[in-house]
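Read from first to last, the chains carry the letters A, B, C, D, E and F; within each, the first residue is number 1.
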């Protein structure tokens, strides 16, 4: 009853990409009027919008830290972003992604510059076609920059994986359901630090090491695109 | 399979009323011992009880206003008030009715007399046979008066609508499910202001204007009954 | 379709006990490293663990009492403790048991010694085979003692009941579903006070009085075992 | 203070005075002192109930309903019935569920929110008095074994809490059960459906369970405690009875009871229970 | 202030200034004073809408979708369809449900949490405009009477709230309905199943309902209120129209409206509604 | 201080002292300083686990269960199985669900409430190690394709949190799976029903996945971090392994890891994973 889906034909992936290609991507900064900072990040059919609110007073107050800002992240999926409608409100998966997103971003932010405040990062996935947490982190890093939050660097996020025994970059579409391994990372380029790492699927130690290096190379490409988007935004502002 | 129900026969409605008749109604003030103010309002088979608590301290404190009282309203239906048991706890409909009820009542209350307090109005629908929001508002206005809250006027609420093409006052029973248009309003008689207005159903502009005037005339009749109930209560107190 | 289950044969109960026998029981004090006090109580296949946290600051603050500590109790069942998995999170039964447990324990605690604090008692039922509230209270009393909370006495809890017309002590297993009456009590031995009492099932006044006395005698036996467990713990500490 | 043309200044002041009087708190110590001299705050005898009013069938939309006033305590019980599936451990019996909710105007102490401990206990005590007494013949509420049974939802709306909600709610539930009419059963495509508006038989009952509540204040035991007595009480015992037998009990309060006190309350419950049952029967004969 | 090598100090300062300007609060009194002189804060005429942009089909995963910008107000509507059972009181009709959620970055005032009063009202007003206008032919969304019908879920994501969410959301919902494609219906073991990725027909529509919103500020009535106008408003009226008829209304705000004011708004709504419908039709013809 | 006749004053004081000692907080700086000199606070080697105790089958009511102590960390895993319907995207496979809950006495920091971020992560990491390793032959848990499959509920009760809950929970889940017995399958009216008390076969397993957790503190990497080490940690990596392969990973902590550090941890995980697996196998052979 189940049809066999071939994910790789003639050394090409089902959407025509080579093994180490990213999907086409698009990044825009400053897309929301009423947020302190915002960004749009699209990779293939995955679309994330991030908005930053803050630094602002912490509510409830007992959560505030005397010596630094707290970072709060909320990852959400629009109900219509998936093939089956996803119920509004966070489920356990969204809770976990919010948490790993926060930890992915924290290392680059000068939280100590804004004691007793909260910096709130909200990520909305408008369209979900694999690697949504990566797209969300990429948008969030840009939105933080747009909000003028002092940062040591951006964070760039990308997935790699194994499909039909082949190591590939940026899992998408059918590869997501039928692939063997998914491996999203977030990367702090200046320090060469991996700030998010999750792996689902079986790999030999040797395969794993190849995937790890491939994912880092992908994140580095995304980093360049993020910087480009930021430059465009500020160039536009100067020209006003 | 569905039977045709005739809502109008010989210029009479299914319950024998003329087009511009209200159902029989009953209003009593001061029906609850432990509330600061209370009232009972029945129109046909729709029964509402309202209780007022306050002015009292605001909890949580961050909701209090320095220059006036806040008005809080909660509309609830008893689980056994409807043909199908309604689950306890507010649904979206009840949330909305609570909100429009609050806005219907606010214009007549001297909220500025009690800064930093809350006036809480609770409405319980014991039996629901159409126009429950109107009955709730009528009871609530009386309960506020009973609680000694300074008011510019009462608020009187009434519905009108279209059934089988005919414009009628005070939709009830079968007219509610099978009618074409429902139009509840709340009215602040001294100022001739409409403080609640909702419409569900299709009307020409001309029909609409007729319905609007009919609903106002209904609210004016209810206003007289409300005043009668208040007078009875205070007369009874003086006679003690 | 339903088989008849005989709960009593030859004056013996289905698990071999006599009518006034308790199930084998085991009590241990100080079983958890990170709680301020803790205890394990097993009776037959019913296993309860209790942990005490406090006295500590009250959160939210408006619940604190100026002249005494507040006692908080939380009774929970592990999801795997019952034949059908029980959903995590408190249901109405657990809420009620938490409340009667609190009232069963309060009379013996010198709450006035720790004004403005909370003493939190948590009970986890790891395995449920009838009389879980009794096992929980027995564990909780030991855990309070282990936490060094000043107490007038322990509280000892036991159930009695009627099965096949016969009055028996400590309902268990099949007796729970097929018996006619369940009667759990908690007992404050020094003062001969009953601090918890619930009855489910039909009894004549005469039967009731017999059951009441039997339950008290059971609680007195459990009291001895609780004291034994406490002595062992302190003996062990002295020997260190 | 209401600025309403027809209300005079004099009226306003009488109104204000009433509010002040209500605010005077009756001292728990006073209650205890009076009880030591054998007096209750409202002059009732120790086993005397406040005035009871029971009005059945007050909600047309409900299969059964009743309003009960016990002094100023005021509750409404409503019964809604529907068709559902039986529990796997009693495949040939109807299902009952009891809930209770404080309408927020029932008491100034009450804050809106999730069901309180008190309303949960109230519902469970009323539930157990009905269930454990076997007053409802649940085996007759089976429509088809293992497939369809009647579900009986009893909801208690607490409109005014002036003490002893348990007895008021249990009277209201009993009165609603005694006067309820079940929806007519219809078969649509071989599936049983409850008619929305047509009603048929009464709910099959085997008797009438009632609950009687006592509190101990100091050394005195009194029945049907009012709100001020409850604020002064040491312990509470609610006892369900049916036809001369005890069928359920629930202790409340943070002080213990002796065996003798419990036995005394059981004796009283059997006696007072019969009185309350007579009140209810009077109602049905009307 | 961002420490990013390619951003100069000058850039940083222009950035900071922009933020300060944004923070200057526009005074409600100023708005009222200007309106008394016949001027709106952004120079619009009293019945003039802000610039409208409508982009349909922006989410591939959704059966229908549209992004609407009304000035800086920005919403996305998405439609997901599935197969469900009809309600027992309309066994031959499809089912619709409308929800709206503020994405927390939509407004600085917004705090994450349960659906707010405002988003509940928004969803219900959009729902009623669609439902009461009968613009969707729900009787054609019946698959098998009393058994299977199409469920239409319309979700509104509020990305930026700069005032008049109701009209923006109602435009987005209409545009999504007009351009949606229903999942292909498949039969698996005699049971209808919605294909996950294949799409077929359009949703059957009988017309296009839109909502037009007016606020009263002092004595002036203006259409399409921006955020600052809403902060200064006395009352609001949202009016759904379809083909020259009125189909739904919802009053907001804590001040009343006179009969004359309401009549005036109804007249304007019929006129402006036609204009908005033309915008939407342009979109479909593209 | 307990006023209990058999406890002497001396006992009371020894008891008080114990509490004081427990309250002394071990300084994170001390831990770091010690680690720079190659010492762990409890003298373990960098890759050494604390004492492990595994007791399977401790809950009769559960299909499978195990208690694990890792030093003073203490968890119980229980497995309940039932019959349910498969997911539409894997109609021929059993379904698994893993939950974890802190019993509130597990840690003084813990406050009762909704599931914490930490317990959600814990459950998901344990879930993924089992699921992604394919250690459970879910295709053998299909009863009838597209209709009935076995549901495996694994619940983790955290009784005492002294650090490294992930490894303790994953050992407990594995031990419970290895020793569980599925309910006997019965057919009632052609419908499969899980016997309530009779048990039959073991859960079909293809191997044993375990998780091994490392933390980086300064420049040092240590395995099986205790609570004080966790309070001093920079980053954490939990790695699931099965039969010489890696099957799942989860990074924690607010500092990044270099590629080299991750590679080093992967190497260590494969080695330590084999050791833990041997502990588990010993258990089954008993």
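Everything that follows uses one rule, which is that contacts are C-beta pairs under 8 Å (C-beta built on N, C-alpha and C of every residue); 3 or more make two chains touch, one makes a residue touch a chain.
Keep in mind it's a predicted model, so treat the numbers as computed, not measured.
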{"item": "Minimum number of chain-to-chain touching steps separating subunit C from subunit E", "value": "3"}
{"item": "Chains touching both subunit C and subunit F, listed by label", "value": "none"}
{"item": "Between the pairs B-D and B-E, the one where more C-beta pairs touch", "value": "B-D"}
{"item": "Greatest separation from subunit C - chain, by CA centre", "value": "E"}
{"item": "Euclidean distance of C-alpha centroids - subunit C vs subunit D, Å", "value": "29"}
{"item": "Subunit D and subunit F: spacing of chain centres that average the CA atoms, whole Å", "value": "48"}
{"item": "Where subunit B and subunit C are represented by their mean Cα positions, the distance between them in whole Å", "value": "51"}
{"item": "Contacts with 2+ other chains: residues of subunit B", "value": "none"}
{"item": "Chain-level touch network, classified as line, ring, star, complete or other", "value": "ring"}
{"item": "Going from subunit B towards subunit E, every chain in order around the ring", "value": "B, E, A, F, C, D"}
{"item": "Contacting residues of subunit B [partner subunit E, same complex]", "value": "92-93, 95-96, 99-100, 103, 106-107, 177, 188, 191-205, 208-209, 212-213, 216"}
{"item": "Subunit F - residues contacting subunit C, complex", "value": "1-4, 6-7, 10-12, 14-16, 18-19, 58-62, 65, 72, 74, 76, 78-80, 82, 99, 101, 103-108, 111-112, 153, 155, 157, 159-162, 196-197"}
{"item": "Residue ranges of subunit B in contact with subunit D within the complex", "value": "32-36, 38, 45, 47, 49-53, 59, 74, 76, 78-85, 88, 110, 120, 122, 124, 126-129, 145, 148-154, 227, 230-231, 234, 237-238"}
{"item": "For the subunit E and subunit B complex, residues of the former touching the latter", "value": "89, 115, 117, 120-121, 123-124, 128, 131-134, 237, 242, 244-259, 262-263, 266-267, 270"}
